[in-house]
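What follows is a group of structures, each given as structure tokens.
The two complexes that follow have subunit A in common; it is paired with subunit B in the first and with subunit C in the second.
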Partner chain A sequence: MGKNEKKGNVFTNNPLVRAIGTQKIVVVLVIILLALLFSIMSPSFRKYATVVSIFDYSYYISFMAIGVTFALITGGVDLSIGTGMIASGLVGGYLITHQGMPVIVGMLASIVLGLLFGLFNALLIAVLDLPPFIGTLGTMMVARGLGSILTGGMSITWPAASVPQGWFRSIFKLTIGNVKFPLGFIIVILVVIIMSTFLNRSRPGRYIIAIGSNKEATRLSGINVVKWQSLAYIISGLFTGIAGIAYAATFQAVAPGTGAGLELDAIAGAIIGGTSMTGGYGTIAGTLLGVFVMSLLKTGLPFIGLQANWQQIITGLVLIIAVLIDVLKNSKRA
Partner chain B sequence: MGEVILTMNGIDKSFPGVHALDHVNLEVRKGEVHALMGENGAGKSTLMKVLTGIYTKDEGTITYEGKEVEFANPREAQAAGIVIVHQELNMLNHLTVAQNIFIGREMMSGKLINDKKMNEEAKKLFHKLNIDIDPTEKMGKLTVGKQQMCEIAKAISHDAKVIIFDEPSAALTEAEIDELFKIIRDLREKQLGIVYISHRMDEIKVITDRVTVMRDGGYVGTLITEDSTKDDIINMMVGRVIYEEPKTKSNVAPDAPVILKVENLNAGKMVQDVSFELHKGEILGFSGLMGAGRTETARALFGADPKESGDIYVNGKKVDIKNPMDAVKHGIGYLSEDRKQFGIVVQKSVAENSTMASLDNYMNGIFINKKKEAEVAKKYVESLSTKTPSVDQLVVNLSGGNQQKVVIAKWLVRDCDILIFDEPTRGIDVGAKSEIYHLMNELVAEGKSIIMISSEMSEILRMSDRIVVMCEGKKTGEMSISEATQENIMHAATLRN
Partner chain C sequence: MKKKVISALLCAAMIGTMVIGCGSKGDSSASDKGGDDSSSKAKEDLSIEIVSKGFQHQYWQAVLKGSTQKADELGVKINFVGPNSESDIADQVQMLQSAINAQPDAIALAALDTEACMDAISQAQSSNIPIVGFDSGVPGAPEGAIVANASTDNYNAGELAAEEGYKAALKDRIAKASGPVRIGVMAQDATSESIINRGLGFIDKIAELCDADGKTVSIEGNDKYVSDAKVEKTDGADVIIDVAVPAQVTSELSSLDCQTLLNKKDTIAIYGSNQHSGEAMVTGNENLNKFGSGDDQVIGIAFDSGEVIKNAVKTGEFIGAITQAPVKMGETVVDLCVKAAKGEDVSDVDTGCQWFTADNMDDEEIAQNLYD
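Moving on to the complex of A and B:
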């Protein structure tokens, strides 16, 4: 049977490269290249305000993407995170501005609603065995309608940064004097560290990966696959709620009936970051990097004069290339 | 051989309509390799599923280490020390070797998994078994052989006392098999009880101490390997009563022209250098055990799978078949063993299915000529006596036998001269079976030619004019029906070369 064959080249055999992962290094290079390109082509891109803006755009996508990475790793998907996030933001904000509740209650309500969407998805997919695409597509529509109904179809404005109740906005963007600090980035990094550890070092995390790798084999190993597959969707739901808060903190208002399509930005981020669409593989750090590519494109392309439609095209192409890399990698392995 | 560790006595199990196990016995001793043999569907796997708690038995007793046991699930059996090394490996390709071995019982330090310790433990385990595998390697990167070693190591780490190998050598290379045998001998030395399920006669002679033979869900007997010949075992495997009269001589005229000739067909591991001829009006039976490469041969011939090399001649003319469209153009029709997946569109009507392969002839400009379609469908419903209230009936509502007739109609409408029937009567009840047989005989009488792949010995002997036997991707025998016996077919089907 021979000895262990060494595959790859000098680059991929480098221990540091192996530890970080080729895909992540490629994505980091892409981020640097994009940043350089935008900086060279547009002097106004090279401003601190732009950096803050890139971060601003990244928070809510990051949270959605971290959550959906768990669903993707099980070999499924969660399409309800976009409208679920908006519904969470609507309901939380409604309680604060229309019911006079404290901000913290509104935030908790957002998280609870997100969790409920996650539980509902878990019931549909892990317990009732619906295909993830169908189950979460249904939840996506339910969430869109529900958010509008619960708030009476009104646009919801969370308290502005200028009033005392607007403190929650400082969690993400701290303003001292005239300088804005992207504090949210530190929070996101902390969450990435916690969720990475959870995914790679805890039993539930290990079983979520195992389910995505081979569900039947996992079941035969005596592992409760229903429970752990459920958990993946509940985590996705939890982060949907958190993303709702981040969204409310980033934008002036949350509008009912929106959110459809935002899930795709998050899913694209996770995929670009190396998460396998067929399950079994993915990293939270990779997802964050992927989100940055998305966020960079969203903020940077207008600076070089490419407007919304071009952004869509370029983002779409980047996604296709990222998945193509995954497909080619897998076909080589087979 | 040491004392008895496991006894299964009078195990009986029925499923609706099938008596799967009929009072079967099996006794395994410590330090013994015990072969479990039988044809496809003899009940070997069912017996092992009863043992490990996947199925519950209707009758009989299982005694393990002196106590009567009944396991509720494989997990319980494993905890007691009975482990199956599956033929289809249950591997988590994205996890490392060590993570696979300890799945479900990870070593923890506090709340976190201690991968380092698991790697060390796996290393020790491999060392003990003389296996050279890096525990930190991703499972998906290992060869099948090495994956199997991991599965064995996993079994050992569960403190197994009885290990069941379910056709372990099926996917291994010669060298890997040698290594496997070394490990099995090692385990025997350590006084484990080993059940070895295999079709390969040569291996049975080499590695096992005793052989228990099953047939049609029944217990035939147990032999001491050393004292028995290959023929003894084969006779026990095939000595079944054949209910339908076998054909005694070929119905094909000796001067019937060759309609299809296949030369040195190669397509992967499952089709190696296969050559054969099909005469006009002939039923050519393809026999062999599971995984012999018969379906793969048919699919490569039909262009459904890519072939590496080989020549195909239809009516003496060399043809180039790159895809099923080419095959159909040359008059070859393929009736898949999996009707629902490949043969018919169940949510469409009988008429729509009938013209599926020849729609071009039933068009009115860009529209389908429904009237013409219904006419031709009706014609074949009548000539094949398909039982359906109308040609507008959805195929999903028909019985298995009648669905098969719709598939046959599809290829007859296309005017195919060569029909490949892959397991034509699988999942069809006895009455409908003889109707399909009758139909096949009529087709060849009309000058069509048939290749019939079948895993049922009685079907092969009843229908074929000539028989090709395959084993592991190679043709291992060819005989006329007058020479064919169950014994010499089984001989060829277990030939390994």
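Moving on to the complex of A and C:
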């Protein structure tokens, strides 16, 4: 980085740019450009309802992505967040609708199940030294089967917004009269601030980054690597559970057997936001921005009349380009 | 050393969990309780393997219920299985393979993808195991491989949705329109025969009805539907049928499809051809609030029930929906399997469908087919 800074131009030498980070500025520009492009090409995109929809479909991915950023920063990955999220949503909803428990109990159950997946991953990876890809791949399959078994294979409908028990949906989207407020966005921002502070300003957060930079050196400097690497996966698990609640609040039903593939949306968001796949670097704010690029693409592309399969191709290309920028930047640095 | 032992144990435990998870995936066997019952019709212990499309939708729970009831009544043994989700074509083929390996007296199959099942089907044929199709059946299977089908005639059901929707609101709206209008069709996929037929039945019937009223019709959207429907793609038609199929069956993509349709200014109606699409219509409408029966609103027509769709019909968000008769389907398929296993003559049975609205959904005749 030092070389770049010295040779940097007016843009990269600007203290504000340095504080925020170039990758994030690029991503923000991409978001603005995409929003402009969609607005120009489709008049119906320029609506408040569209903004609310983009937010709606971003919450569950945001939570998953915030969690998985911690696993990525340690140099690992967590593939179990997609099916784990669905399993959490299924079990929480099952307790509410089939066992007659209060909504708050269902929500807590979702979080606890997410934490259990995190603990299991921590055990496999930090304690037993399984490669993160393999360990979490196993958990991903376990979560998928477990969700189906625990609910008898039925899809689960959490209480609808129209009944009193549906209050949890208002956490994410508050409806007053005919106006809908995307409250979830404020919650996500708060979570980002808390988790950013934790990652960058707290001792455990710094240890997690250090493990990703050089695990051996971190261990030799007397830091309990097993403990802090475990913490990263437990955080990932915690957010898997929270994402389960957000998913249930956004959609009408949680279907067993689904969820595989959603983790990749979250991981893609984190990567676009500048988290390094090899570990040691990543920011929570960057992850959120990356998730927004994905959400914007998913919501915006249908507006300009692109057929479903083209949307996937474009989303894939954006991911490749984002990582390519990162790779090129790194190779210059080296 | 100690660490190694622990890791070995944990790995074993994990693999064990996975194996159990896979083995019992969607396995909801209804074992034979009336086998010893001398009053049962089956003389020997007939065993039937039923390969469904999974249990994701409560619809399948109702089919399972019907099958179990009939199996108990007839004193036969059934094993009702299905993949985790309706995208798991390969898993279903594997289940069919295991079903054949179990050497049952008959197999019931609701194929997710006929092509993928072909090998297994000819294998069953050469082992002389009769296959009965149900739900979407096994369309395009080799001559004689499928002895009979117990299914909703999905094409008819799609037509019924079009007829009732047209009568209730569409005719009026199309007649009053000052410019071209758009009718959206939301289909979960373009591979499953039942979903395709429900879509095509609806599209063809709408075209026929519009034609009778002197309106021209065009079609756009998903290629499969565009090429298979009786409607031609033309410019300047009075009614445009717009078919949306997501790249992947996820709630998010289908909800976005619905929003895209709702955002088009000329859209007057959307038809969702199964529970997944119907639920996605409710999610997609949440922020736009366009469904209803008013003149400036979009007419929603759904298929199948479930809590969400029932509620949408009850509150008037959707003007109505088509329901099949899943319990009867479950009963019929077991009945056909038993007859086929005994070598009796069997033929296709249409298990029927009904149009339900806020007004008639509490009638006994309809309510028995609506599930949560």
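The rule is short, and it goes like this: the second predicted complex is superposed on the first by the 329 of 334 C-alpha atoms of A that agree within 3 Å, B and C clash if a C-alpha of one lies under 4 Å from a C-alpha of the other, contacts with A are read in each partner's own complex, and residues count from 1 in each chain.
By definition in this document, a contact is a pair of C-beta atoms (placed from the backbone, for glycine too) under 8 Å apart; a residue touches a chain by one contact, two chains touch by 3 or more.
Everything numeric in this text was worked out from a predicted model, so none of it was measured.
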| item | value |
| --- | --- |
| Subunit C versus subunit B on the shared subunit A, clash or fit after superposition | fit |
| First, second, both or neither for A:Lys180, with subunit B first and subunit C second | second |
| Touched partner set for A:Ser202, first subunit B, second subunit C, both or neither | first |
| A:Ser221 touches, of subunit B and subunit C: first, second, both or neither? | first |
| Residues of subunit A touched, compared between subunit B and subunit C (which is higher) | C |
| Cα-centre angle that subunit B and subunit C span when viewed from subunit A, reported as a multiple of 10 degrees | 120 |
| First (subunit B), second (subunit C), both or neither touched by A:Val323 | neither |
| Touching partner for A:Tyr281 - first (subunit B), second (subunit C), both, neither | first |
| Touching partner for A:Ile25 - first (subunit B), second (subunit C), both, neither | neither |
| Superposed arrangement (fit on chain A Cα atoms) - minimum subunit B/subunit C Cα distance in Å | 17 |
| Doubly contacted subunit A residues - partners subunit C and subunit B | none |
| Contact footprint of subunit A on subunit B as seen in their complex | 73-75, 78, 90-95, 99, 103-104, 106, 108, 111-113, 115, 132, 134, 137, 140-141, 143, 145-146, 175-176, 179 |
| Contact set on subunit A toward subunit C in their complex | 42, 44-45, 47, 49-50, 52-53, 56-57, 123-124, 128-129, 138, 141-142, 144-146, 148-149, 152-155, 157, 160, 162, 173, 178, 180, 250-253, 255-258, 261-262, 298-299, 302-303, 307-309, 311-312 |
| Of all residues in subunit C, those that touch subunit A in their complex | 3, 6-7, 10-11, 14, 17-18, 20-22, 24-26, 28, 54-58, 61, 82-85, 88, 222, 244-253, 255-257, 259-260, 263-265, 276, 279-280, 282-283, 286-289, 306-308, 311, 315, 372 |
| Residues on subunit A engaged by subunit B in the complex (per definition of touch) | 1, 3-4, 7, 197, 201-203, 206, 209-210, 212-214, 216-218, 220-223, 280-281, 333 |
